[in-house]
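Take this structure first; my questions come after.
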Amino acid sequence: MSEKTMINPSGSLRIFFRGIDGGVLIRRGLIGITWAFLSIFLILPVILVFRYAFSLGVVAYLQSFLTRDARSALGLSVFTALIVVPVNAVFGVVMAWAIAKFEFRGKNILLTVLDVPFAVSPVIAGMMFLLLFGSRGLLGPWLQEAGIRIVFARPGIVLVTLFVTLPFVARELIPLMHTQGTEAEISALTLGATGLQTFFRVTLPSIKWGLLYGILLSNARSFGEFGAVSVVSGHIRGKTNTIPLHVEILFNDYQFAASFAMASLLVFLGVLTLIAKGIAESRENYREH
Amino acid sequence: MSRKNSSSPLPGFGLSLGISLSYVGLIVMIPLGGLVISAFRMSFGDFLAAAVRDPRVLASYRVSFGSALAAAVINAFFGFIVAWVLVRYRFPGRRFLDALVDIPFALPTAVSGIALTTLYASTGWIGRFLAPAGIQVAYARPGIVLALIVVGLPFTVRTLQPALQELDREVEEAAMSLGASSPKTFLRVTLPTLMPAVLTGFSLALARGIGEFGSVYFIAGNLPMRTEIAPLLIVMKLEQYDYQGATAIGVVMLLVSFLLLLAVNILQWLSRRSTL
Amino acid sequence: GGQEDSRRTLLNVSYDPTRELYREYNAAFVEHWKNTTGEDVVITMSHGGSGSQARAVIDGLEADVVTLALAYDIDAIALHGQLLPEGWIGTLPNNNAPYVSALTFLVRKGNPRNITDWDDLVREGVSVITPNPKTSGVARWNYLSAWGHSLRQDLGPDFADILQDPRRQEEVYEAQERARDFVYRLYRNVPVLDRAARAATNTFIQRKIGDVLINWENEILLGSRELDEAGLEMVIPSTSILAEPTVAVVTGNADRRGVSDLAEAYLRYLYEEESQEIIARNYYRPWDAGVLERHRQTFPDLEFFTIADVFGGWGEANRTHFVDGGIFDQLYLEQ
Amino acid sequence: MSIEMRNLNKTFGTFPAVRDVSLKIETGQLVALLGPSGSGKSTLLRMIAGLEIPDESRQAGPEVLFDGNPVGHKPVRKRGVGFVFQHYSLFRHMTVFENVAFGLRVRPRRTRPDRAEIDRKVKTLLELIQLQSLAGRYPHQLSGGQRQRVALARALAVEPQVLLLDEPFGALDAQVRVDLRSWLRKLHDEINVTSVFVTHDQEEALEIADRVIIMNKGRIEQDGTPYEVFHAPETPFVMGFIGAVNTFRGCLNSSRGIFGPLTIERRDFPDGYPVAEAAEGGDIPAEMFVRPHEIELKDKREGALSIPVRIIRVQPAGALVRVEVRTEGGEVLTAEISHERFRKEVLSPGSLVFAELKKARVFTRTSPV
Amino acid sequence: MSIEMRNLNKTFGTFPAVRDVSLKIETGQLVALLGPSGSGKSTLLRMIAGLEIPDESRQAGPEVLFDGNPVGHKPVRKRGVGFVFQHYSLFRHMTVFENVAFGLRVRPRRTRPDRAEIDRKVKTLLELIQLQSLAGRYPHQLSGGQRQRVALARALAVEPQVLLLDEPFGALDAQVRVDLRSWLRKLHDEINVTSVFVTHDQEEALEIADRVIIMNKGRIEQDGTPYEVFHAPETPFVMGFIGAVNTFRGCLNSSRGIFGPLTIERRDFPDGYPVAEAAEGGDIPAEMFVRPHEIELKDKREGALSIPVRIIRVQPAGALVRVEVRTEGGEVLTAEISHERFRKEVLSPGSLVFAELKKARVFTRTSPV
């Protein structure tokens, strides 16, 4: 394929003759800028994480996951994700269904509210839950009376994580479901399918890759959230530290290698997410065309 | 919120909307409400004093909003190039770069903060080349902007990509067949058509940048009046048992983010309507 | 498993630089408690900036004991959280401070900027690392120590008494003004305000920012031990405020959880000789004079002054210097 | 199954999409709903299917009846209608076979056929649509015409007694459309079902329907056989919408009509004189419509309905030769003559001939002739 | 401006989209590129415009010449062509006025008309397309037909001497399409340009073009006037593609042809006997094509080309009456007869008549008659 050849997004080939995509020089220049920009801002930091993580060798790297605190942080993060991800998946799908398949007044407001967790500072997110459930918060005294602990315990961590990951699944699905329209569902109904049959047999299969990606993103975010969790965690060693908090503690304890090792775990998770996404997208394209 | 299209034959509208509203209410609206109620507990004068009169708070807004604005502008610009390159060109490593864009979504902000600080401190891999030139990145405003570029990048690229993909190539060809040169075609046809997406990505990156804490905290240096961001002030106020002060700043920031988001959604809605 | 559920647990909420100390002490105490009562107990720790830890306790973090950097933070718990009586101070010996510390300097190997005392910190071009007094316990001590040093230079060795002398008001006023200027010049030399003591140490050692780090004596001794090859030297200034980290039982929580006796014993045992040894080994100046004497090598003598004498106690100091709009804020507004 | 609609109205916001439609469709008929875009065809069809609920009206309640039984309360999945969309809306993640089998597989267990039975049924249907060999393909591997046939088979699998098709060929190429048309007609005849299909293509409607219902602005303009709507349109709208037409604007009075170049005496009207009312007052405005094939081109004036015209363009490609002519007044008319005739006459651009109207329909403002 | 193409080839990957096309279009012609989907029409048009570069071929270099001058090196914006896309491709963020003015406004300053001049020109064009009153609207506020007209006006604004249209009406409703067709023809005649338009709708091509070029699989199948391609198709492909047709499969030998129910003696062929080669060897396979309007239905057998058939369906709505008949062998034929004839004969479904072929084209495997 010559320099001028490109494939447009739908995969078909086209040749542009000094078209808007520019000549070879512009093309190379822009690709160069992209590599440089992404290298400086994304590739180098990731390399750095791994360099430090393995600075004491592979054995030390692996050992850093075996300490009691590391195991407990891992456990808490997994516990949180195990709750957060399924809840997000279910509610995300339900919200996407309501928003993408129906017209109703106030939809823009609901959409905006759905986006709030994207935009709210994690610190404020944590603070909101403190103001609500802290012992001096609105519900705090009452909860204390009832012996229910929310902040500085697992429920608080789960709650803030639910908050910060709320939009991921729905946001991923809404545009997808929007473009798919409702005709397939209506066809299913005319063929005698019940609402649930329609959902599980028609809607779900056609959104499954988008759903998977939304789940993976919210999973990555659930493992990675730092600011908000930090506010409500209490930092109790071996109890309420998640992986990112443990990363910070190790970092402060001068255990840099171990700290970056934990961080590299999250990078792996991110990379895994991205690979899965790649697969999901190629499956999606395969179906479309 | 009432139902306009009462006759959609699809089942589950009431149920799904009900569940959605309850869930969003529980996870988002109640905590948000808690914050607002706490803000209402203080007098208006106190609120103003805490949220907008304190010069240090004002300075932190300037840092937060200013850096977020700078980062969002840079992201809009480079994000456009990145999205353009990823959508329009085929070259080795494209899929890799495409996947990379999501890294900041997946990486804990603290980790990216620590990593960036290590890179850009005057002893870091990059910082050591900048320091002799007198460029200080870590522990200065450029560092904040840097961290915000990283966390905001996926927002601009990911909103632009689909828009670029959808952009009808024929429109550009039409412009060129009418005698427009490539730059003119780009400036007069391509760019205006993509403007809603650019603005959306820009606002999302901006909103995210204003609120970002984890990564900035490590790289900022946190000097009052100079490199102290508003979320840090909230943390500080909390630690000084000044809940009202923290709430007041939180409410101001929330308001700004909310307005930004609303603007984005309305923008999208308008552009969708105008391109039917 | 089931065994863990039945064991009584004690949560000690502490500040950053005590990680190593309490790791060792907890092990010792658990053994001691087992030996004396036969009961297995579990001690859990939470570390963070002193202020944020106090805030978490106020917000509901169920600390049974707090071992914080300043009495002020425990006062806040008493005041805002009503979790322990106002008169908590004095429930344990030495104003509830089982160990004290000095503030010392860490400089690069060979002391290239030739820093020997507080006065050197305000020289043009010297870069000083100290955390943010708004969030960090040690940072407040640093700040007050610098201020006190300036007063000491102006008013002489008995400056604490002069400060109280109504006849020397004018002189004192001028000295306070100069102290203010001194601190102002000091903070102009600070390029990074970290959130807590540990973060500042990292900045100085790990990122190699700054010419001098002011920090807890224990933190510096510990840091230079763990990172000795980094090429660092400790410098001991002529004066320091007597930093008194304080401990207390959070009776509100401990009573409710039925661990008051354990909490009480946990803190009291800190004053025992074997514990004081652990404390000294972790570079805190032990309260026990005998133990201190044994570690003279590590803890050279220097001129101390106390917050009570020079600043009228934490309440007063806080109101003057650290509240929003206080002198510390004003320093930055002037910059 | 017969379908009856009574007093159906549907308003979106303030926009009346369907207005006061009452209609009865007999068992076994193939009915076309024809009309311009936005005329309410889809909305009416969707009301039959139960996909749209008719507005409650003040007077008589709206009703949809299948075989005389009201089905207003039945949701779409209980009405037993087969519905086919313009864009096929096949299930993308299912093979052709699975698509067709879907309606059987989602039946409640009691009435669900067993595997073998489903297999057999689907195979029969795939034979019917001549796609046996493609049973394992996914929709994206089919051509447009094939997809549309699968959509039809899928709808037929549940053995609906009513088949509703919303522009079933709208998304197809002209060529493929034409092929599928006659196929649909044959299919309808074979499986004995009542079918209603929506189209805005008049040729399609005329070619395959037993009955054509022409809609305009939410109302039914005319309801009749293809022959009736083509040859005896009841309104100017139908006249203009079905088939090409030449329009003459003018007026009528008791004794004659004047339409541009033509003054036609009462007795000379080929299809009788317009309504009585014209006889009374003075001139009333009227329009005269003549279809292209109802114009003959002759070399001399014959009769009263003959207009001298000059030939502009001759277009002899097609079953009829299309000739564009201009009257002295400058109006352009189109005539369609047979090739035989064309060979006989000398009809080259520029030559002067006479256009003779063999038929003409006149509509006054209120009523047709 | 005349357009000449020499040896144009275009391959996408390994797929040859256009193969060895050479062609000359004279100044002022309106030429239709007609062919099924994927036959390479758009690719050829885009090569003329400079939106696609022809492949370098081994032998003679490919060339596109305008008025005899090669333009291969010129990018699209310098070729001075007006290009109109199927999906209009209007600039969404500009009003109708701004869309039309675009081409003038992006000219280099030297040749750019001043504001008043642009204003005047655009107004004239908007009048031409009869959209003066909508100058301030945005594309999304227009109907499909209006959008298409704006796209045309936009292309005309730069006064191209060549107008290229890629399925200009492809995205429109049947009704609107028909209106715009004759409008396009008129426009072409008024502004005196050379126009090439792509379509896959044969009616459209026959109706408005001076010349029709029929493409199939990247090659030109036939190039001629509408009359020629309709009445004298050169290949079976053209025969089948242009207009409806009845096909008889059979064979030929030196003395007669046998096509299903018909055995036709050499002398009886209405249009002369197929090629000489048939005279030599034995039977060779052949196909006979008869257009529906070339079949007469009579009540008695007349001549050699008469087949007894039974009427299945009569469809009298339309300019001609379409009658479907079945031969004794079971094949279905379609005949189109005039209404006059229809009225004379008794043609009801079920009755037995004779279908007489008035014309028949026979193609052997290699050559047409």
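Letters A, B, C, D and E name the chains as they come in the text, with residue numbers starting at 1 for each one.
Simple rule for what comes next: a contact is a pair of C-beta atoms (placed from the backbone, for glycine too) under 8 Å apart; a residue touches a chain by one contact, two chains touch by 3 or more.
In UniProt terms the chains read A = Sulfate ABC transporter permease; B = Sulfate transport system permease protein CysT; D, E = Sulfate ABC transporter.
If you're wondering where the values come from, they're calculated on a predicted model, not measured in any experiment.
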item	value
Chains touching both subunit B and subunit D (Sulfate ABC transporter)	A, E
Most contacted chain pair (by C-beta pair count)	A-B
CA centroid of subunit A to CA centroid of subunit E (Sulfate ABC transporter), Å	54
Euclidean distance of C-alpha centroids - subunit C vs subunit E (Sulfate ABC transporter), Å	91
Rounded Å distance, subunit A centre to subunit B centre (Cα mean)	16
Multi-partner residues of subunit D (Sulfate ABC transporter) (each touching 2 or more other chains)	51, 75-76
Subunit B, residues touching no fewer than two other chains	9, 118, 173, 176, 235, 238
Of all residues in subunit A, the ones touching two or more other chains	14, 18, 130, 136-137, 186, 189, 194, 251
Complex contact set, residues of subunit A against subunit D (Sulfate ABC transporter)	181, 183-184, 186-194, 197, 201-202, 205-206, 287-289
Touching residues on subunit B, where the partner in the complex is subunit A	1-5, 8-13, 16-17, 19-21, 23-24, 27-32, 34-35, 37-38, 78, 81-82, 84-91, 93, 95, 97-112, 114-116, 118-119, 125-126, 146, 149-150, 153, 162, 165, 169, 172-173, 176, 182, 185-186, 190, 204, 207-208, 210-214, 230-231, 234-235, 238, 243, 246-247, 250, 253-254, 257-258, 260-262, 264-266, 269
Subunit D (Sulfate ABC transporter) residues within the subunit B interface of the complex	50-53, 75-76
Residues of subunit E (Sulfate ABC transporter) touching subunit D (Sulfate ABC transporter) in the complex	36-37, 173-175, 178, 200-203, 206-207, 225-227, 229-231, 241-244, 291-293, 315-320, 322, 336, 338-339
Sites on subunit A touched by subunit B in the complex	1, 5-9, 14, 18-22, 27, 30-31, 33-35, 37-38, 40-46, 48-49, 52, 91, 94-95, 97-99, 101-125, 127-132, 136-138, 159, 162-163, 166, 175, 182, 185-186, 189, 194-195, 198-199, 217, 220-221, 223-227, 230-231, 243-244, 247-248, 251, 259, 263, 266-267, 269-271, 273-275, 277-278
